[in-house]
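Labels run A, B, C, D, E and F following the written order; every chain starts at residue 1.
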Amino acid sequence: MTLTLFYILAGVIVASALLVVTVRNLFHCALALAMTMFGISGIYLYLGWEFLAAVQVLIYVGAVTVLIIFGIMLTRRVMDDTARVMNNQVLISFVAAAAVMFVLFMVVGNSSFQSNNHPPEAAVSAPVNETQNPEPSAPYVDEVALLAGGLLKPQNGFAFAFEFVSVLLLSALVGAVVVARKDPS
Amino acid sequence: MLEQYGYVLVFLLAGIFFILGAFITGWVLSPNGLLGVKYKYKKEIMVDTYECGVETYGTSWIRFNVSFYLYALLFVIFDIETVFLYPWAVSFKQLGMNGFLEMIVFIAILLVGLAYAWKKEALKWE
Amino acid sequence: MGDQIVQWVAGLLRQAYAMLGLSPIAGILDRIVCAVAMFGFVSVFVMFLVWMERKVSAHMQSRIGPNRVGPFGLLQTLADAVKLTTKEDVHPVKRDKIPYFIAPILAFVATFMGMVVVPFDNKVVVADLNIGVLYIIAITSFTVIAILSAGWSSNNKYSLLGGFRSAAQIVSYEVPLVLSIVPIIMITGKLNFSSIVQYQQQAGYWFVVPQFVAFFTFIASATAEANRAPFDIPEAESELTGGFHTEYSGVKFAMFFLGEYVAVVVSSAVAATIFLGGWLPLPFFGFLHLPGFIWFMAKVLFIIYLIMAFRWTFPRLRVDQLMDFGWKVLIPITILNILITGFVVLLLGKGA
Amino acid sequence: MTNEELKSKIESDFKDKILSVVLSGQKEVLVTVKPEAYIALCRDLKTKPDYDFQHLSCLTAVDYPKENKITVVCHLWSYKKCHQLTVKLDVDRANPKAPTVEPIWKAANWFEREVFDLYGVVFEGHPDLRRIMMPEDYAKFPLRKDFTDDGFIIKPN
Amino acid sequence: MGAIFTYFKNILTGFWNLLLGLSVTTKYLFKKTNTQQYPEEKMPLPARSRSMIKLIYDGEKDQFNCVACMMCAKACPNSCIKLEGVRGPDGKRRMTTFKLDFSTCIFCGYCVEACGFDALTFVSEEYENSVYKRGSLLQDEQAMKWNRPAHLAPKPEEPAKVEAAPAGAKA
Amino acid sequence: MTDLLLSQIKPGGESPFGTDEYVVNMGPQHPATHGVLRLVVKLDGETVKETMPVLGYLHRSIEKICENRTYPQCITYTDRVDYVSAMSVNLAFALATERLMGLEAPPRAQWLRMIFVELQRLASHLLWMGAFAGDIGALTPFLYGLRERERILDLFEMTCGQRLTYNYIRIGGVMIDILPEFIPKCKAFLDYFEPRIVEYEELLTYNPIFLERTKGVGVISAEVGINSGVCGPSLRGSGVSCDVRKQQPYLFYDQVKFTECLQNDGDCWARYRVRMDELRESISIVRQCLERLEPGPIETKLPPILKAPPASEIYSRIESSRGEMGIYLVGDGTAKPYKAKYRCASFSNTFVLDQLTRGWKVADIMAVLGSLDMIVPEVDR
């Protein structure tokens, strides 16, 4: 039953991901992308990490898709269905895509996916879990507190990285402002 | 715990089916649907795009201003911030003053960004 | 009391399954029954709300409002719904078909899914998710895509402008909406609604008292999220005729309408739960021993009334002023509120 | 300044620019201007502090088919001095052409468009001389006295 | 510092003024409404109301008061009155046909004012003038026939125009 | 179906980051435009680059009709020039004809005219207030305005029998004298109405959203305003004293006390304030008129068929609710005017719409249009 669910989800994700790259109408692409993201959040949920799933929906569906649609509106030939999918850089892009895919496969293959559905042993053995495990007997890990502890407790050593995220966001913001505000004329 | 999300899934599917059901009902009952009559009047004008009774000039799918994009980008950034805020808020009492100070720094850096955007009038709508 | 009723209904359902020989798939059937019941509740409640809005607006304007169909015109909305269903479905030929079709579905489903976590009474909730607050915020962000699709696919300048304005607006007000809940979560340390209500029960006060700033910012941003006046610029009729649903008619328009009202219900329910103590009775009125469900609905209706009163009292903001209000007033205030709450909670925690 | 004084002052000031100044039966000052001096007179009337006609209250035309002329009529008003003046310019009915006063009073823009639309007077130098009331492709000039268009006029008893 | 102060002051005063506005609408929420339910509740129109033009029919003499003097047709700015008359055996003119096109009538009242024979009048009781077919707006003398009730008969001493000063006009 | 106007518009320029310039029609079938005004708006994103009003959708050639009607018959058509304040136009035409003929109405008629014109100003401003608030998005003041307006119309109907097209003010006087109960009813109305203004002000004047929408929006300076022919309350919002009632008194306006309401900012809010203040001034004028009403004839005795005015011409102006209303009459000695020109306030006020909205947002078009108090039949006639 649960495995069927996974295959359905995977099917949806792959199908909509294929749509993203094949459909010529850019707006439809964006919708398909939202669908993909939604499917991925389903995978997170399937693994039991509900916070991650919610964040996936919140950021990727609610925010990034909107960003992409607004980005689409900046292009000129929005409704041009005759645009060619291929151009003379197809080879380079194919190589690049293959490389990215290889890296992803390496990463995916090496990681052991932790499901939060299962008894706590799996969760306890997770690397960040030494900080806090509210109730060891509980079959469910409060991942939100887990995440917060992992990030913010100084002894975990992620505090600086956490602050750095903020700097990263700041730089993105400043960059956006500079790019958008520059008067071209 | 996770079986709770079965409800979510069922609600999602049920919602879609309800709407489709409503559409089908509408299609059955509407004058141009299953039980309706054939058109006796000019259809082209009726199904044209509405623009106050005047023919549309030019295309509607126009290129938009970059400020929309900027707002979306700002939103993504602040959305990520809130995503970090939530776990922090949940374990706020456990983390104590230490975590609070860390978060203040985090927010402050982002507020600098907001102030910068404000100052540069990037928040000005066009 | 509410949970007793639920238990009783569940028992009846079990018997029914057993009689029909459907016990093996009882879990799925339960969920379907829940969804159907919720849809029924939502439809009826929205019909009531539309009637209420018309009555409230009418009396505010020295009018009577609907009074022909049914007692006090209560069935007026039903009549309207029947009318919308039997209306001809006029759609522009130049539309972009797939998004045009998807948009009303998404607009409704996104908000309808939010109803899953609304706690009507103690233990009377479809699914008391651990991350309830975040779930609602996440799931309602689908509305943006619905509105963008509607605005885009209609191939109409008003729709496009309205849809994009609306998307920018929803996106901008999601930040203060999310931020205004953070202080509550800091205090309670929980993301699910039942725990938040229980915390208020134990603490003996509703969060509207210490967190009134958060309450007002939440109401303001929730109003904006639901595209209600004075933040209804996406469908500002005096500028953009109908905004993103200019080209929709008949059932499809009705679905947008339904979605908008369900969004109002969801945000009011969240506000009632978080700030007004959910199913808890009013202070000094506990002796009435009314079921929590009634208290909860009363609070929801109060907040909905507030939102309606805003709509019929205030002018509409201009789009740039709306953005300014979101980014330059609401976000700084909510962040300030978070910081002040943090200090106070820590100081009180030290003192205690 | 009373209207009599205004009349005599205009008579003396713009002797070479006007054809006649009359005080009508209703004590209004009517100035008929020489076509070539029309713009100059209007500019003087607006800028000279004695007159200070800042406000072009109305600009219209009257059709006189018997005398074969269309008279363009400007009604001027001074907010500061509170006096009124009527400036008239006769143009040829067969080929009605008049200089525009739009550069002097912006308000003349639509008034002149209206006169063009309804009388056919072409205002030379007008920035945007299009039909304003009638459809863009309409060919006749409805306010001329000899205008006929079946279906447009209900004949009174 | 001053800027921050005004920032918060603006928010607070704005909030207060919003509450003021809300108080007005909320007050009206509980007040009596002003609506009248039209088909059930009918407002009596004032006696002078120009709502329907009628031809006065003299029941005693079994004839219309109209003598076809054409004054109404002359006064009508839209020329929507058409009437004809003949000279009767007694030497007096009598109206034979009277047609009023209500689709072009603008209810200016000139015809009633012009009438010197008490033949045309406005009726304030009838004001539901809408019809289903445009043709039925062209009414003839039979459709406009109106037998004046006794209580509306003109008092002999009252002139057509009220010239007496209203009481208390001079305060 | 090709639109001649639209075909003349050239597509906008391109800029790498800007929006495509595009053209949007507002009206004639638009929920916001008053009547059937059509605005062709060139937009850059949300910013207005140009507003082109397209007139003529309500053109009924009233001026041509008047050339074919006798002078009293023309009065019925003046009702249709500005249906929201028909009394003013009645008065304008009647006054113009009287001046052309050298007539003067008896004093009682003059006072009655003043009462009705000022009541009409109240009614018109009330409707304007509602429509303006509705343009900005507040729907409730519209109903409040209509509610009070109904009571004024009741007074009119009681007197002349009509609620909208009165044909009440005639050449040489008024149509009919008021009923005895008119004066107490009118006073009762004024007493009821005065506190209502406070409510409108609470709803709108200092509402922060209203302030945001109107303060500093659509500013017109005094010079530009005068030069562009703006008149009436719209120009008084820019601080120009332009009230015909003060500058060229007609009726008995020189005998009543009232102040000319002026504001200096020239924005939508100033225009709003001017009209709200004028409500109070009009109430005071009506009160003074009611005090000074004396018995007497209400109509100059005219020959049965109106004496033909002399072959002369007159340009007569009054202050209508919307501003300066001028009537240019040319008589040729016959019973029909040779030429009748209506100079309407809305016509010249709509002209500045383009100047006022350039650089503002789409939503501001409606705010500015509302604040100018234009009425389409007055523009098109």
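Definition applied: contacts are C-beta pairs under 8 Å (C-beta built on N, C-alpha and C of every residue); 3 or more make two chains touch, one makes a residue touch a chain.
Computed from a prediction, not measured in an experiment: that's the story for all the values here.
Engineer: What are the mutual neighbours of chain C and chain E in this structure?
Structural biologist: Intersection of chain C and chain E contact lists gives F.
Engineer: Among the chains here, which has the CA centroid at the largest distance from chain E's centroid?
Structural biologist: Of all the other chains, the one whose centre lies farthest from chain E is A.
Engineer: Please identify which chain has its centre, taken as the mean of its CA atoms, farthest from the centre of chain F.
Structural biologist: A
Engineer: Among the chains in this structure, which pair is joined by the largest number of C-beta pairs in contact?
Structural biologist: By contact count, the leading interface is B-C.
Engineer: Could you give the separation in Å between the centres of chain A and chain C, each centre being the mean of its C-alpha atoms?
Structural biologist: The answer is 28 Å.
Engineer: Please work out the Cα centroid separation of chain A and chain F, and write it as a whole number of Å.
Structural biologist: 61
Engineer: Measuring from the mean C-alpha position of chain C to the mean C-alpha position of chain F, what distance in angstrom results?
Structural biologist: For chain C versus chain F, the centre distance works out to 44 Å.
Engineer: Quick one: chain A and chain E, Cα centre-to-centre, how many Å?
Structural biologist: 72
Engineer: Which residue numbers or ranges of chain F touch two or more of the other chains?
Structural biologist: If we look for residues of chain F contacting two or more partner chains, we find 17, 22, 24, 26, 30, 46, 69, 73, 140, 147, 203-204, 207, 209, 361.
Engineer: Which parts of chain E, given as residue numbers and ranges, touch two or more other chains?
Structural biologist: Correct list: 15, 18, 21, 24-25, 34, 77.
Engineer: Would you mind listing the residues of chain C that make contact with two or more other chains?
Structural biologist: Residue numbers touching two or more other chains: 60-63, 129-130, 134-135, 152, 157-158, 164, 167, 171, 174, 191, 241, 312-314, 319-320.
Engineer: In the complex formed with chain A, which residues of chain B make contact?
Structural biologist: Residues 1-2, 5, 59, 61, 63-64, 66-77, 79-81, 83-84, 86-88, 90-91, 94-95, 98-99, 102-103, 105-107, 109-110, 112-114, 116-117, 120-122 of chain B touch chain A in their complex.
Engineer: Show me the residue ranges of chain A that touch chain B in the complex, using the header's touch definition.
Structural biologist: 45, 48, 50-51, 55, 58-59, 62-64, 66-67, 70-71, 73-76, 78-79, 116-117, 132, 140, 142, 144-145, 147-149, 151-154, 159, 162-163, 165-167, 169-170, 172-174, 176-177, 180-181
Engineer: Can you list the chain F residues touching chain B in their complex?
Structural biologist: Within the complex, chain F contacts chain B at residues 1-3, 6, 9, 11, 17-20, 22-30, 38, 44-47, 361.
Engineer: Please output the residues of chain C touching chain A within their complex, sorted ascending.
Structural biologist: 96, 98-99, 102, 129-131, 134-135, 137-139, 141-142, 144-145, 148-149, 152-153, 164, 167, 171, 174, 191
Engineer: In the complex of these two chains, what residues of chain F are touching chain C?
Structural biologist: Residue list for chain F touching chain C: 22, 24, 26, 30-32, 46, 133-140, 143-144, 147, 203-204, 207, 209-210, 212-213, 361-366.
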